[in-house]
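What follows is a set of notes on a single structure, which appears directly below.
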Amino acid sequence: MILTEFVDIALLALLAITGLALLKIRDLVAVVMLGGIYSLLCAGLFLVMDAPDVAITEAAVGVGIATVLLVGALTLIEREERPSQHSRALPLVVVLFTGAMLTYGILDVPPFGEADNPVQEHVTPRYLEEQEEEIGVENVVTAVLASYRGYDTLGETTVIFAAGIGVLLLLSGRKERRAGSEEDAS
Amino acid sequence: MTEHLPVLQVAIPMMAALVSALIPRGRVAWGWAVATCWIGLGISMLILGQVLAGGTISYELGGWAAPWGIEYRIDHVNAFVLLIVSGIGAVVAPFARLSLEREIEPSHLPRFYAAFLLCLSGLLGITVTGDVFNLFVFLEVSSLTSYTMVAMGQDRRALTAAYRYLIMGSIGATFIVIGVGLLYAMTGTLNMADLAERIPEVASTRTVPVAFGFLTVGISLKLALFPLHLWLPNAYTYSPSAATAFLAATATKVAVYVLLRFFFTVFGASFSFDVMQLDYVLLPLGLVAIFSMSMVAIFQENVKRMLAYSSLAQIGYMVLGISFASVTGLTAGILHLFNHAVIKCALFLAVGSVFYRIGSVRISAMAGVGRQMPWTMGAFVLGGFSLIGVPLTVGFISKWYLILAAIERGWWPVAGLILITSLMAVVYIWRVVESAYFQPAPGGRESAREAPLALLLPTWALIIANLYFGIDASLTTGVAIEAARALLGVGS
Amino acid sequence: MIVLSTLAILAAMTMAIIRGLRGPTVYDRVLAVNMFGTATVLLIAVLGFLTGRPDFLDLALLYALLSFIGTVALLKYVSYGDLSSSEHPEEEEDTWTW
Amino acid sequence: MEFVFGYYNYLAVVFLMMLGFYIVVSRGNLVKTLVGLSVFQTSVFIFYISLARIRGGTAPIYVEGETLYSSPLPQVLILTAIVVSISTTALGLAIVVRIREAYGTIEEDEIDGIEYAEEVGVPDIRWS
Amino acid sequence: MSRNVILRIATKVLCPNIFLFALYVQFHGDYGPGGGFQAGVIMAAGFVLYALVYGLERTQGVFPPLWGHVSMASGAFLYAGVGVVTLLLGGNFLDYNALAVDHHDGQHWGIFTVELGVLLTVFGAMISIFYAFAGRRGLD
């Protein structure tokens, strides 16, 4: 199975390249396109890591919705990012520190892919072994999603609803209002 | 049906929000929201009664036992926070109608009430849950709706405030997810009680302290703890009055609760304070927050912004209480959770009433308001007393316990500092009082009248609560002491 | 054989990304994204056999059906500046039936 | 070598996390910030999915002749997190569109400048 | 875009297939990857494609915005409603075992219904969000 590992590493490398490009490129149209590529790469990676459900979700979101939403927003704003006068030093320090902390912490996480990790040994076995008896669907992810942790999914559905409500509140009505015509309330 | 109360507490506002979004008329949606909030308040009272009588309640969602399914677990701490959140919701909702009709387009009202109810549901969901990932999900429900409510303010700066809030809030949430992921990698579980059992086995690894750090930073972002508070002042200043009052009184309080839950239940007091030396981080941060934010509040021209900075200072008091890690200190922190919610909500409602009448909340514009709106400003003054910590108000009770806790640890200077910062509160409240009572009303505003009864009643209900719990504090302190004992694992 | 095709597809993906990065025109990038999508469909198909679970071809199907929506949206934005218009409504034939 | 084999995934996650986080905190363009936020969140998704993976195992969908499955739980969590992420992006974009209409720009520097100009003459301490 | 004959015809061919695929993803979720969320997104993407090619107005004629709002709310309501029904039948919230005598049947009905709820909400929300962005007036 060394080939899966190789594909895995290759996809991660491509992700890193695309991510760096996202940082550098100023044309927002190109950013949107690279964002699409980024999402495709992630979906491929998830598939390689045996998570087809996540892959299909990332793919559907990435190619079906996220790109279209970003383009939809671009029609209402400028497409070029202007160079920022922000100081780069503080963000860089914060990010490097966070990264260093995470690296430090991650070194004691059990190695990738071992069968005796706590993740595989504690709660998971019941899902994989008892699910057939307790719920009886082929796809264990569906069983966990809709039954064992069905309440999380209710919350997730509510999050989408909340986003829908929010976007409608922000963008519906008052379409005729022009830039700068808003009066200061205070 | 009583055994299902924990889930009904969250599900009823959630389902009511879904219906509210489809109601065509704002008034009807408002009535619906008020009814929902009052039912929620009733449920949380029943839950508190159950917890006081029978101890911790556990509710298995979907009928799946704890580490496999999601569990709702309610002890004294969250029962108390539930009461705070739903109580504030029940007071703000009646206030909202007139205030929002003035500040928001009529066609948006039903959806705004839907967002409000969802936010309430999300905050309640965070409070009752015993599962760390479920906590994240409901955190996002409440966060997304808060961003929306903030963005609905009239001023265009409300939009940038909401955007900044969204970015900071999402970073905070992602940090929380990273922390949860690290814990999950080490223990294989997401249930808080189960985590608490399994963390000691792996506490000596490098991962658990890092997870602790990520969770602390993430929650502190949501909490607006001192260096991570940049999103808060503008968000509170420019959002609609009712939303400000609700968020100021609940959102940060729930974040404080989450902090308590992680520090004391999940990681355990001994890990948090003995291994991680948390007190040496929280104590200075709390003190700096109290001092610098009170100082900034003094120089504010906009009363809402002044109160927002004062909130940041009050968060400092809560964090200070937590940093003592003693029963008295925690009692002070938890009491202040309740007391500050009551105080700040009352103050923001009073300011909202002033805005309703005169259309501005600048100190200079409030000149002469004291004589034109005696009841509203009377409420503001009483609320201000409470904020300062005058005896016979709730503000006094929490400061009293805070000073007791400081003395208990032998930190006399800290006790002195707490007294000094109260004087700073006197200064900024005085600036408003001075303008409202001792300056003539500007021309063209002679006709400003007292705020309508629908706005006065909720405000005064909170002021009366301020005085009542300031005189007879046995109920709140009793619960707070029980809660502190439960968190520290000291038998009661 | 599968190894070889995997490598070839990965190489194609890399080249598509490079074109996507360098541009210079929007159309270069659109083509790159499209080609990248195609390469991903192929990669998924190959991986299906590699991991012994060909039933995940659903994902490839999804790409094949949807990947072109983003492209259409982008091109419409680039040439018309919005997403909602239907140009020349008078020419529109009204024969749409479900 | 064994170390690299066991941790390359996590280290890549850390790199992507830093990259996304850096885009969020250093870029002034509001849309770019949102894109950075989603890169940041995606890195966390990869972390969780890496945790679920088991070498030589297969996806947690029953199939004959397989006994070793990856853990379904992190995958479920990430499904939820992806939904949350796209919801946040949608809401953020809506706010950005409104900001563009109200201020005429989506560059943070310029917005700060406009807001500062509005407040000049008012004794106000700027903290952002 | 009426000059783009290929695009218009391709859309006519693709749209029904996209909807069919969405239904497949929805109902095949028990056996393979997929479920309500993915199906909702795919279905919404079908309408997005139609709107891109044939214009927003015509799409809103086929699927009015109000339907999206109703679908968005009713899906989540259906989901939570299953929870309430299980409460009334004597189980805990979302305990599908209470829905039928045989717990396998109960779980199947429960999962089927909640996935349907997710589909409705996601579809409605995505359509509404797209309409909101595409329907807003652009730059001056």
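All chains are identified by letter, namely A, B, C, D and E, in their written order; residue positions are counted from 1 within each chain.
Methods note: a contact is a pair of C-beta atoms (placed from the backbone, for glycine too) under 8 Å apart; a residue touches a chain by one contact, two chains touch by 3 or more.
What you see is a predicted model, and the numbers here were worked out from it, not measured in a lab.
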- Partner chains shared by chain B and chain D (touch criterion as defined above): A, E
- Item | Contact-richer chain pair (by C-beta pairs counted) among C-D and B-E | B-E
- Item | Chain whose average C-alpha position is farthest from chain B's own | C
- Message: Taking the mean of the C-alpha atoms as each chain's centre, how many Å separate chain C from chain E?
- Response: 23
- When the centre of a chain is set as the mean of its C-alpha atoms, what distance in Å lies between chain A and chain E? 21
- Item | Mean-CA-position distance for chain B and chain A (Å) | 30
- chain D, residues touching no fewer than two other chains: 17, 21, 51, 58-59, 61, 73-74, 77, 79-80, 83-84, 87-88, 90-91, 93-98, 102-103, 118
- Where in chain C do residues touch two or more other chains at once? 51, 53, 55-56, 58-59, 62, 66, 69, 73, 81-83
- Message: I need the residues of chain E touching at least two other chains; which ones are they?
- Response: 25, 31-34, 37, 42, 45, 48, 52, 69, 72-73, 76, 80, 83, 93-94, 96, 129, 132-136, 138
- Task: Spell out all pairs of chains that touch, sorted by label.
- Result: A-B, A-C, A-D, A-E, B-D, B-E, C-D, C-E, D-E
- Within the complex, which stretch of chain D touches chain E? 59, 61, 79, 83, 90, 93-94, 97
- Which residues, counting only chain C, touch chain A once they are in their complex? 2-3, 6, 10, 13-14, 16-17, 20-21, 23, 26, 29-30, 32-33, 36-37, 40, 43-44, 47, 50-51, 53, 56, 58-59, 62-63, 66-67, 69-70, 73-74, 77-78, 81-83
- Listed in rising order, the residues of chain B that touch chain E in the complex are 1, 4, 7, 11, 14-15, 18-19, 21-22, 59-63
- Residue ranges of chain D in contact with chain C within the complex: 58-59, 61, 63
- Name, in rising order, each residue of chain B that touches chain D in their complex. 133, 136-137, 140, 144, 147-148, 151, 156-157, 159-160, 162-164, 166-167, 170-171, 173-174, 177-178, 181, 184-185, 190, 230, 233-234, 296, 299-302
